[in-house]
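Given below, in the form of structure tokens, are the structures.
Below, subunit A partners subunit B and then partners subunit C, in two separate complexes.
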Partner chain A sequence: MTAVLPAKRPVRPGTRDVSVQIRPVVRAGLGVLLVLWILAPLLPVVLWSVAGVWRAPAVTPDTYSVNAFASLGERATLRAGLASLGLGVAVAVVATPLGFLGALAAQSLPGRRGRAVDLILLAPLAIPPFALVLGANTTLLRLHVPAFAGVVLILVVTALPYTAFMYRSALAAYENQFEDVARTLGAHPRQVIRHVRVPLLATATARGFFLAFLVGWGDYVATLLVGGGQLTTLPMLLGAAASSTGNEQLTAVLSLSVIIPPVIILAAFGIPALTRKAVA
Partner chain B sequence: MNHPLPGPGTGPEDHQGDTGESRSQRPGVDRDAGRERGLVYRRSVLLALPAVVPVVLVLGVSLVGASAQSLGLMPFIGPPVLSTRGWAGSAGELAKSATVSAYIAAASTVLSLVVGFAVAVYILAAPRMGRLVAGLSAATIPIPHLIGAGAMGLLLSDSGFLHRLLGMPAAFPALVGGPWWIAVISEYVWKESAFVALVVIGSMSRSMTGLCDSAATLGATAWQRIIHVVLPLSVPALAVSALIVFVYTFGAYESPWLLGPTSPEPLPVRAVRLFGSVDLDARPEAMATALVSVAASAAAILAGVGILRARRNVR
Partner chain C sequence: MSSGLELRSVSHSFGGTDVLHDVSLTVPPSGCVALLGASGSGKSTVLRIIAGLDRPSAGQVLVDGDDMGAVHVEQRGMALVFQNALLFPHLNVIDNVAFPARMAGQRRAEARRHAMEYLELVQLADYAHRPVGKLSGGQEQRVALARALARNPRILLLDEPFASLDVQLREDMYDLIQNIRAQLAPTIVVVTHDRQEASILADSIAVLDEGRILQHGTVHQLHYEPATQMVNRLLGGLNAVPGHVSGGKHHSVLGQLPVQDTATDGPAFLIVRQEALRLIPPREAGSPTLKGSVSGITSLGARTLVRVSFTSGDPNPEPNPLAGKDPRVADLSSPDLSGPDGYGNGLTATLTVDVAGNPHLLLGQVVGVGLQEGRAWAVQA
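Up next is the complex of A and B:
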């Protein structure tokens, strides 16, 4: 490789030496800067989560403690965690199949009608979530829609663009030949669905489900305004802690409890695929 | 729903991808094909309904409800009385809020594009370190903005982590709650640059590697390759992500609520505060504020799509 490259690149004399000498240094420096940029806001979160006493001029905590983590085991916090999980799963369970149906219809409807379905499914992205919630709130109250159902309904509409888009791109790249081959080989229609169609759409399903789950898991505005205080999720606890002073430890551990579960899912399924793509 | 995918050989859909060749091989199929097409059409419409109905219903109820409430026609209690006070009574405040929101969104969008493009190029150019940056950057995407805002608060506030790292200088600017919304914009750039990088990397094709190699063979430096090859090819991805970032940051509530000054208020903060006010007369103003943000988002999207279309046509 090193023997081939100089011959392939007729670089002007002088510049080649510079690029060979400086580039790895610049590259490493830039890499360190980018890693710092990404980790900078997370560093104080991690430090505060294990800090006991941490007074102002000190750069690192004066004492360390796991008391803040212990507060995660409290009943109210656990209940909030379950509520967040329930909200995320409910939104994903409804929005994923609806996204599939919408994407399927958009693909099979001819011309303008297909585009209209696409446009309707993407429309919630154009409306700020808080505006959607404010406008719908009075009607939901008048119809006596329970808080949880109301939040799920609003968030399903917010999540539909993501799930529909995932299936839309998967269906656009879908090769019908695989199904033809399976059928030629004597597969029963049900076998075709199980062994060809489901595996080929599995990635889109997983991505759509994950994104829809995140919409429910991390929501604040819809839970705040439609939930009306009846629905307490982890983001609600976090919003209360972060908006008042002196709650740094609690803010930090609640942040970690919201961040870590999805990152574990992403690390298990998502990052290998991303880096493979980046390298390719 | 036995055969949800259109495709040859799956029954009624089999004319979907065909050019007519296979149809002509079967006599008397033309009439059947017409009927089958009608069947497929009806089934597709039925398939669309479960997804389309909730969206149309929620969006419709929300926009109609907001409009009616902004005009006093749907009061929480008492008889409806048509009034434009929600709009006219605070036109100046509305304009100020819209300007603040536009400033936050514009600054966040431009900086997210610059940082996101740099991250994407770095991931592509540096093999080992790039993988680390890609992994970390992707890991920030599922973090909700509320948590990002809480973290930025711990980092940038007065006597926060950065202030301590710098040795508590007295001249430390008010990044949180200050006049330039620096903590809010930092939070948006931190989260959205990762999104921009993901979109740009996703859009890069294998042909880009070939073009970069050709440019290198012709003597282009790394910087020249980035500016003259990678950047022009990334413009469509950058434009689409710019539109998404702008509309999102224009209408998001959490960051400016947690990290911004109390006055002036961006549109979402003002609307939610008025909505939660004990004074029910504030409701029409809250709805007017929400509708202004909807209209501004719609205008930004129409303008963005228009520019993208015009660009494509020029090419």
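Up next is the complex of A and C:
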């Protein structure tokens, strides 16, 4: 039997294949669409934050005002911002090393035992936070766990899959022979950790820390149910503003106050890294 | 400062599987020994045990007579270069080379000054401040070598360091190693599966197979006087003719051939390097020859491997003028088929001859084969 191969489309000498020319254009177009898809939901929030009057069915605000931004300087908002910052940092500080240890265990244990650890680490992703919190809040109350510590405890469980996943990927690519080389070059075990392991896992640590920080920074459900009103964070203020009518401008400004700081952090660390890669 | 290294009856097992059996090896100060073996033969494990990265199940590693059993890796004064350069990606070239000095507590500036000397040695001083990600494969290995040397190791361990480099770069690295040996005279143990690399770099070669050292000797001994057929094969020997030894001669389809005095009587392979054979023009007089027919031709570029088949029933009409006069030369013209194995008519043997250039032969063509130096060696079957 003779196989019939599809005829290859001839390309005139001296001209480039059209598909080759189109490919970058399609790629750029898809990239722009993706960025728009991410940014589009932010547009109404940004417009509401500077809207003085905005009546339906107008597509854009009737008048503009920045009055609502004054609320960001208020004592209660600043205190809520600090509480969010503290919660985010506390969750990240606890979840990052735990994620590392979990990923290390999953990698070190052979076969099924390693996969079981993986499953346990990723399980919180499958549990709705609401269900997790409702199950735990009464126990935390009975044990007299302070509100802040209780919220951190719950959110660490939620953040653990992200930090563990970051380290799992990093450790999979991590070459143990780096440590062997360092030891033969005279580094004792502590120096190996400080001068080799920590720098080589720095990117995964930064990413894991950031994701865990976001879990604490943006949490509403656990703070509301476990914090029981004793812990006021930015999302709590946002929730309160959003639950009443006529506060659209304040709600939008508070939304931006929750969104913008992590984006600035991401840009501060991400853009130099991208530039370095491009230069390299 | 270089040191002598000795392995005494080192054995090692992983999860119940023995990977090294009673390995003993001596490397003199400033000497270079190559551990040659196929993948999985245990050669890298030997290196890891010497470095202290793995602990042997039994046996001792001695440096200048001192047992290293209780000495930690970082205190052994050795340096290891792997197949992958494993340059620390968060450090630039000079800081990679300065790493050993930094670990020893030197200040950054001082460590960098020290590192620069070694970068100059490997001719990469101009690359000192480059990120390691911008180096080529050959440059990475040079930096890895400089970093290992900057440790001032008593013993330098090289684990297939040039295996991933192309031929030209590998030759440059061989020159560099010779230069380093001339300048610093370190004791070197190099692991390789490349017999040519082992022969170029090392003073002696230890052949490892299935966790055992089959033979440790000079490059010449390994090639022309192998201890076993496996050593011959690992060193690239293509000829092993079955037969038997009696009275200091090997008897086979090829006839009688004087072999080494130490050969014991009994079944044995006749080992003749393909480089020690030559094709002899039909009318060349005075050469001990055996006539056979060309059964295969493989071009290696500048050289050609010619396989010549011999059948025990073939007449060898040309008398050997040297037979009986020079004990080193085979009496190839009068095969003695009376041995215990009974090599009768119809049995065949094949010899491969390494020939320079293109011999312009045809398959089936009758040619004469002679020994260049009368070198033949028998190993127990």
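Heads up, the rule we're going with is that the second predicted complex is superposed on the first by the 221 of 280 C-alpha atoms of A that agree within 3 Å, B and C clash if a C-alpha of one lies under 4 Å from a C-alpha of the other, contacts with A are read in each partner's own complex, and residues count from 1 in each chain.
FYI, a contact is a pair of C-beta atoms (placed from the backbone, for glycine too) under 8 Å apart; a residue touches a chain by one contact, two chains touch by 3 or more.
Worth saying up front: this structure is predicted, and the values here are computed from it rather than measured.
*Asks:* Is A:Ala172 touching anything from subunit B or subunit C once the two structures are fitted on A? First, second, both or neither.
*Replies:* neither
*Asks:* So which one touches more of the residues on subunit A, subunit B or subunit C?
*Replies:* Counting contacted residues of subunit A, the larger count belongs to B.
*Asks:* For A:Val25, decide between first (touching subunit B), second (touching subunit C), both and neither.
*Replies:* After superposing on A, A:Val25 lies clear of both subunit B and subunit C.
*Asks:* Just subunit B (first), just subunit C (second), both, or neither: which does A:Ala202 touch?
*Replies:* second
*Asks:* A:His188 in the overlay: touching subunit B, subunit C, both, or neither? Say first, second, both or neither.
*Replies:* Touch status of A:His188: second partner only.
*Asks:* Scan A:Asp180 for contacts with subunit B and subunit C and give back first, second, both or neither.
*Replies:* both
*Asks:* Could you tell me which stretches of subunit A are touched by subunit B in one complex and by subunit C in the other?
*Replies:* Dual-contact residues (subunit A): 180, 183, 280.
*Asks:* Applying the document's contact rule, which stretches of subunit A touch subunit B when the two form their complex?
*Replies:* 8-12, 15, 19, 23, 27-28, 30-31, 34-35, 37-45, 47-48, 56-59, 97-102, 104-110, 117, 120-121, 123-139, 153-154, 156-157, 160, 164, 171, 174, 176, 179-180, 183, 189, 197, 210, 214, 217-221, 224-225, 235, 238-239, 241-243, 248, 251-252, 255, 258-259, 262-263, 266-267, 270-271, 274-275, 277-280
*Asks:* For subunit B, which residues count as touching subunit A in their complex?
*Replies:* 2-10, 13, 16-17, 40-41, 44-45, 47-48, 50-52, 54-56, 58-59, 61-66, 69, 74, 76, 115, 118-119, 122-127, 129-155, 159-161, 164-165, 167-168, 187, 190, 194, 198, 201-202, 206, 216-217, 219, 221-222, 244, 247, 250-254, 257-258, 267-268, 271-272, 275, 286-287, 290-291, 293-294, 297-298, 301
*Asks:* Can you check the complex and tell me which residues of subunit A touch subunit C?
*Replies:* Touch residues, subunit A against subunit C: 175, 177-178, 180-188, 191, 195-196, 199-200, 202, 280.
*Asks:* Under the stated contact criterion, what part of subunit C meets subunit A in this complex?
*Replies:* Residues in contact with subunit A: 48, 51, 53, 72-74, 76, 78-80, 82, 84, 86, 88-90, 99-100, 102-104, 131, 133-134, 147-148, 151, 157.
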